[in-house]
Amino acid sequence: MLELIFILPMLTGLVTLAVPPYLGRGVLLVTAILHFQLTIMAWLGKLPVYAERFFSETPEGMLVLLVTSFIFLCIACYSMRYMEETGLSNGTVFPGCMLLFLGTMSMVTLADHPIVLWIAIEATTLVSAPLIFLHHSKEALEATWKYVLICSVGIALALLGCFFITLSIDIAEIEISLSFTFLNQVATQLDPMWLKVGFIFVVIGFGTKMGLAPMHTWLPDAHSQAPCPASALLSGALLNCAFLGIYKVHTVMYLAGLGEFSGNILIGFGLLSMFVAGVFILRQPDYKRLLAYSSIENMGIIAFGVGIGGFALYGAILHMIHHSLIKSSLFLSAGNIHLGFDTKIINRIGGLIKYFPKTFLSFFAGFVGISGLPPFGIFISELFILIGAFQTGHPVSAILFMLSMLLVLAGAAQIFTNMSFGVREHEVLVRENVLRIVPPYILLLASITLCVWMPSAMYTAIMNTIKIIGGTIHG
Amino acid sequence: MESLVSIGIALLSAPLFPGIILKVKALFAGKKGPPLLIKYYTLLKLLRKGSVYSSTTTFVFKLGPLVSCAGGIMILLFFPLAAVVPVLSFHGDVLVLFYIMATGRFFTIAAALDTGSPFQGMGAAREAFFGTLAEASIFAILILFYRMTGALSFGEYFTGATPISLTGPSGALLLLVIVALFMVLLTENSRVPVDDPATHLELTMIHEVMILDHSGPDLALIELGSFYKLYFYAAFLTLIVCPLNPAGGLLNLPIFYGVLVLIYVTIGLVESTMARFQMSLVPKFVLASSILVVFAAILTMGFI
Amino acid sequence: MKNINDMIMVVILLSVLLSLASSRLITLIKIMAVQGFLVSLLPLLLEHHSSMGSGGLIFFQVMILTKGILIPVLLYVALKRIAIQREIEPIIGYHASLFAGLIIILLSVFITDRLHLAVPSGQELILTTAITTMSAGFFLMMGRKKAITQVIGYLMLENGIFLIGTALIKHFHTVYMVEFGLLLDLLVGVMVMGIILHNINHAFDDIDTDLLNRLKD
């Protein structure tokens, strides 16, 4: 049954919290492998849904699930070594919460009932809070507090939005049980006023979690304070899950004939996020915060692409996948650098190429990828989004989009080159290790591979996702 | 006739109730406490004595006690005690009556200022300030009642065509009024969280410090006036908490006095369990009561 | 029946107002207990919930237990450990907060009027109450510095949203499995916040959110 995909990691996560710490790493890896297998089985259609009222197999959910599961597998491998070197393997909190985190995120991807979706997203906040708090420093405390409070409040507003959407069913006097599947079927009959209000609250609520400006303030803090594997998961998987919530409601809006309204809101939030991220990246002293702001920018791009629709929608979905792969790879490389130099300050780091040649390769390749340069997938997805924007008659937005991209590229390029080629003497604390080098490489390779060859099942899933709301790849 | 009987009982029994408060406080503290009739004894004792007047005072000083006591009696004449039609009533009498009470306060303050003692001036200033704030809540209550019943006299509030009651339409709002009115009662009658009638330090007094120079029959009149005032507020609360059918006539009296005693007991309990507020917190307390009523008045828009 | 509902709602409003005016944290927690109890009691008395089955009854009992007892006790334990009794310097003073409460309720009445919602008749007050509770929760979060007050503000916001959820939405959408999930999230949320609070107090010797200013750009 399909629900196993999230029940399994939840159970093992709870078990991990209780068993002796030395078992934690093993359980983490085994569960990651099992989870990936279950995901593949689900993709092959071998897992029927059990509780059809709450869960279903939607193409967009399955895409996010696949990405999440794959990234988690890589992160789990990476963590084997990382946990030992940072002393995280002495406790059960890290593996336990990582598994619970995976479980709740998988639940988000499968949820079909708005309130169940909400419950799962709120649960991701709660189980990931201990991860950010692992280092017990004052900064970590502050980051955790902001994360929990801002996200909880934001998500509470999303719950209000869900209630309003339910209200739009009641006011139209339709007798259906509440689920996205049914909502899509009766979308045209729903009460438009309440649907709009509901959408606004959902965007603000889940947008907080997704890191859209101006509700993004928790994101750089949380990402910079969490241990690197957790940051990679936060950035690569969690943000997508929050996006999924917005996307599902956007679909309902589109089918109800309010696509333009919701699209414009998404475009606005998207452009603002890109711009804010660009401004903060320019003079960023901390490389993990830099990556966090880059995530905000990319979430903005995705929201922008979805808002534009049509051709750009395809780009947005691609962008989501590639961003997850590349960004988590970057966070893992950043983890290697942090382990080696024990600092997050950019100015104290130089000569990456001399000290850590292998990490340098993945770090720099990741930078090339995230900046939208070929041969990585983000190049293609951004191109699609741009073409889509011009095609659907949003030239001004498209130009703003390009300007923000340029801003980010300019800021990031300088920082990355300084870190890589700058001259500085260092004392290397922890050497490179093959288990910490390979996962970032695999993630980057996956991104390159998807550019040249995409499995047909995946292509079909993307097509099924975007075709409901008028997305196309034929101009 | 019924009205005269009920007012007679009220005038005679008013000094009994502060005795109840004292008794409750004493029992709460584990003491035996004074007899219930203590206030009658006090009044008798004071009336038997002569008055001493400072040579600096004028006729204003002698006028204060008389006016405040007369004001207290007058308001009871207009009030439908036990939902018996009041002795006197006319449209708009509530406004007049609250101003008559204010006149009583004005003369008490004037008398206090007349003595020229700095303590009394200080007390007068406080009394005037808090009284003004409490007035805001009272008038907010009147506005609310006007919205609910369209009447402007005590008689019509409780014995008219659409009497105020908790079970009537928008009756729930009366909960807010009850809380607010109780707060006003405590303020206006110098009860504990606002003022402590039993304190010994002039600096911390509000009401007591104003009447320090009064003695003998004058003091008795002031005391009597304050008993009536307290009685009026308690009766007002009683009728809101437990509305009585005007047709019941004098049979309402036992119920009415039962609830009245309960309210006095509540005052005693509040006095026993709460500490006195810091002087700077008192305005907040009074303002809170007026905000409660304004709250209720706004909510009537939701109902009507 | 309608009158009892109205009274509960008026008491909820009263609790909102009191929470804006009180500076003692322990009073605030008591107020939250009363409010949580009433908010979970209200749906039981609403007419369109009268056809509730045994599942519903159990759910509401659990909810009363959680909101009225469990969460306040959690907060109380957190408070005892922190050993801080009152909020001394709020960002927005208590008088100003009270007046803000007045303005909030005025706006809620106005909004409710403007919405022309097809709410079951005679329940317009629920919407007013819910909006007021939500906004006051937000206000508490913004106007106070102590972290625990912000948690209480969050709970108040949640209470308001819950009121909208139960009051407006038709009964057959309510699936108790799902509602249990909501409640569990809230409970775990308060627990997590309590643990962080304890740690903040341990690290900074206070729970003033002004101290949390290390991370910025």
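In this document, chain identifiers A, B and C correspond to the written order of the chains, with residue numbering beginning at 1 in each.
Everything that follows uses one rule, which is that a contact is a pair of C-beta atoms (placed from the backbone, for glycine too) under 8 Å apart; a residue touches a chain by one contact, two chains touch by 3 or more.
All values reported here derive from a predicted model rather than from experimental measurement.
Here C is the chain whose Cα centre lies closest to the centre of all protein Cα atoms. Taking each chain's centre as the mean of its CA atoms, B is the chain most distant from chain C. Rounded to whole angstrom units, the spacing between the C-alpha centres of chain B and chain C is 36.
Mean C-alpha positions place chain A and chain C at a centre distance of 31 Å.
Chain A and chain B have CA centres that are 66 Å apart. In chain C, no residue reaches two or more other chains under the touch definition.
Touching of two or more other chains is recorded for no residue of chain B. Shown for chain A are the residues in touch with two or more other chains, of which there are none.
The residues of chain C lying in touch with chain B in their complex are 3, 6-7, 9-11, 13-14, 17, 21, 94-95, 98-99, 101-102, 105-106, 109, 112-113, 124-125, 128. Taken in their complex, chain A has these residues touching chain C: 53-54, 113, 115-116, 118-119, 122-123, 125-126, 129-130, 133, 136, 138-139, 141-146, 148-149, 152-153, 156, 159-160, 163, 166-167, 169-171, 175, 177-178, 220-221, 224-225, 280, 284, 289. Of all residues in chain B, only 166-167, 170-173, 175-176, 179, 284, 287-288, 291-292, 294-296, 298-299, 301-303 touch chain C in the complex they form.
On the side of chain C, the complex with chain A involves touching residues 118, 134, 141, 147, 150-151, 154, 157-158, 161, 164-165, 168-170, 172-173, 175, 177-178, 181-182, 184-185, 188-189, 192-193, 196, 199-200, 203-204, 209, 212-215, 217.
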